[in-house]
């Protein structure tokens, strides 16, 4: 096999590059890249920066969240709701200041969005409904946000596992998050690569988007095989083996007690 | 006894040939180098050997056991196969899926149910062997190209597989790191592992390879010789220099 | 169209989760059978879930300078099969609800019903129908458009029912404050006008790409299917839907069920990507008369529940016929 | 005049340093080789030069124009920048997204509004230059590792950029193909293009590089010298052999 000698450069490649300018439109690529970077940053955190003061068993955390959201949805009594808000407030006290700011920022943002949506109902039902609804919604959002902030993904998985969710579901979740990282990174890099070859406004952005997600699907299909083999090769059999620290359970159940108290009050208290 | 035995093995992709009538026997403890032009089928062979794809026709036997699509359909058997064979893919990106390098390496041993101390031991050792100590707490997918290669190798080593399939494991490493990995591979081989490595750098693998299997662009094996054979054929050597 | 928490009464949420149970069961059974033949189906579920996540967070430009995003229910159904898509989308929704704050935690069942069941199955049904008539692309286009709109309609109904089902003694709604007369039109118009088309174009383009590049990677309809899962689903839904009807009208009416308007869902999604595309709809709310809200009360609820069941029955019939003709 | 000018440029990733106080001037028409250990910042520098990331502090000037985050926020300017600079990524997998190799190469020229004949011409030429004629109708994502590298290079060449940023473009190619690409790059340089290439193979780039910029593991530039300087420093050369 003779190493083939390259032919001479074609004329167009020898000519100095001529840069042309085109009128441009707003690019949505930039914005998507920003979102993706934010997502990846969030997923990259091996564990959330904060650990709550008492590390509760993951399943208890999950049950607590469910119970709280349910309670808030059920309760139409301002005093009880107030109690729940106080409960959350005390928990927040333990957060480091930076995390607290982060919590407040995202909570306020999502609450404002929620309130804007229900704002028109003022003209339908008057201020009381609006106020009550907004308060309840933001209380729910706050609880969910607190959970998100204090729960690493691993804990969610082991929580679900302790609650006897089927392995198929847990594995699918685990793979989904793993792939979210990989595919997200892939998508981001593809967008960057695409950008370096975008020398004029794309006439058919949609076609490119189609190609990008088509590629993403096909590649992930190929990856699915390889990654799964890589996982299996390393002993993965669909069961998540986790070294779960043994816990003194009384603390877990104790942590549920305020919520249970409110639940009991809710059931028994008929003002 | 032959560890790996291929008889008339063919593999087709939807619109191209992947492998064309391969016959090959690899014994336990050998250090085999796969060479050949781009697209000649090296990675495809790795895919078949690792059980990611099953041959279209012909036989693949591992330790006397035929590996067929039916065999692979069984999750437990597949898992046993995968435990025997460690693979470092050409594109290591697909191989790293944990949130930290230490986690990545611990993943395998943890699944095997080792004790925490044993896991920790393996992680530390593997990091050290591949010179990745500094990366321990980094996020794998955020590493540089060469770092990823090294971590991928470390994560496979942690499982202590019998057979190592390495698809161009030295690409993108510094020459010093390449040397280090080659030395490591040689040690592994003397510890009894079978090593099958694809490479384009004959000069580098010449020193370690015991057997050279050369593909041609028709996806066939065009030559299969030991290092001793090769010594006697200087023209072959110059040919390999270009692959 | 992720319905956030507090828009649906707990009873509605509970009913819908229960209604989802048989669907999930059948999905798992069907997918398990699929895994036997192609073991990559298992990792594919997780991958499809993350793909759906990425699709939902990817902003597509729409004429007028704003953006919208596709949901990808129909697309996934065509790529990996409707049952697998149902599971994958459910996982996506769970992930979004618990870790990313998209869609409510209690409302998970409702969201799963809309986006993980109605959308992929309606879409896939149309696609199969088109395939039988040798116009699979048209089928797919119609499916994508209808799928998302059917989901939006149901979401609108779920939301719009809330004021009827759950209100205080004085008639003030406890959960979603908008009645059917607002919720349904708002959800529907946003989807009929914008989101449906975005979904259609996106689905079609990705499908075309995959079809051209690797047609074998599309979901191959199994030649022979076991009817039992279908039957189970049918029976399950038939039993459970009236049950839901029952549950929502009974004594605990105080905290009863309904759903979120499409508008609301759209707006909620935009926590991550604020968009102005549906702002116009607020005006409907402003001008609507309180009195009108009460009009289609019980009749509307029963009718829509019935139509939901009917749609399912029709779909299942259509799909069964499809599997017969292919072999 | 200096084409590229970096002054005290720093770049940080969320939890690691990427580049640390870089000072660098590259003139038009130079053939620059970036070398250094894994993770030393070569790819990061490419990312900054191509406008995909903007420096955390310090200046990056291209043709006398400061490239800042504000500059990059404008889509039109960004496009002009991309016209000038062609990039081949280290992981070429992410770079190919069209339905066929021919389409892939035509992607850029088509945006420029060239005539169909001119586009066809470019596609044919680029395929020939990178020896990819046989792959013309293949689907890019289904190619082998080395084939992808070559197609990625072809697709960038088709845009006729003034500056070529190549991140380890020879990885995974056969030695013969590597030689061919190097010759091609030399020709491009004599046609007036500026070429900036990262590599770990000093022996190979020694023959073509005019300037060698060496990173250390602290993400700084530890040496910057011309080929002539290097000739006079044999110990430097042996050092480079290990990078």
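Each chain gets a letter, A, B, C and D, in the order it is written, and its residues are counted from 1.
Here, contacts are C-beta pairs under 8 Å (C-beta built on N, C-alpha and C of every residue); 3 or more make two chains touch, one makes a residue touch a chain.
Keep in mind it's a predicted model, so treat the numbers as computed, not measured.
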item	value
Winner on C-beta contact pairs when A-C is weighed against B-C	A-C
CA centroid of chain A to CA centroid of chain C, Å	21
Centre distance in Å when chain B and chain C are each reduced to the mean of their C-alpha atoms	45
Rounded Å distance, chain B centre to chain D centre (Cα mean)	29
Interchain centroid distance [CA atoms averaged], chain A/chain D, Å	35
Set of chain A residues in contact with two or more other chains	1, 3, 26, 44, 178-179, 186, 211, 215, 218, 223, 225, 227, 238
Chain C: positions in contact with at least two other chains	209, 213-214
Set of chain D residues in contact with two or more other chains	91, 93, 99, 141-142, 176, 179
Chain contact graph, described as a line, ring, star, complete graph or other shape	complete
Chain C - residues contacting chain D, complex	209, 212-214
Chain A residues touching chain B - in the complex, by the definition given at the top	1, 3, 44-46, 178-179, 181-182, 185-186, 223, 225-227, 229-238, 241, 243
Complex interface listing, chain B residues touching chain C	14, 72-73, 75, 78
Contacting residues of chain D [partner chain C, same complex]	99, 139, 141-142
For the chain A and chain C complex, residues of the former touching the latter	26, 28, 31-32, 35-36, 39, 65-66, 69-70, 72-74, 76, 106, 109-110, 113-114, 116-121, 123-126, 128-130, 133, 136-137, 140-141, 144-145, 147-148, 153, 156, 166, 168-169, 171-180, 183-184, 187, 205-207, 209-211, 213-218, 220-221, 223-225, 227-228, 238
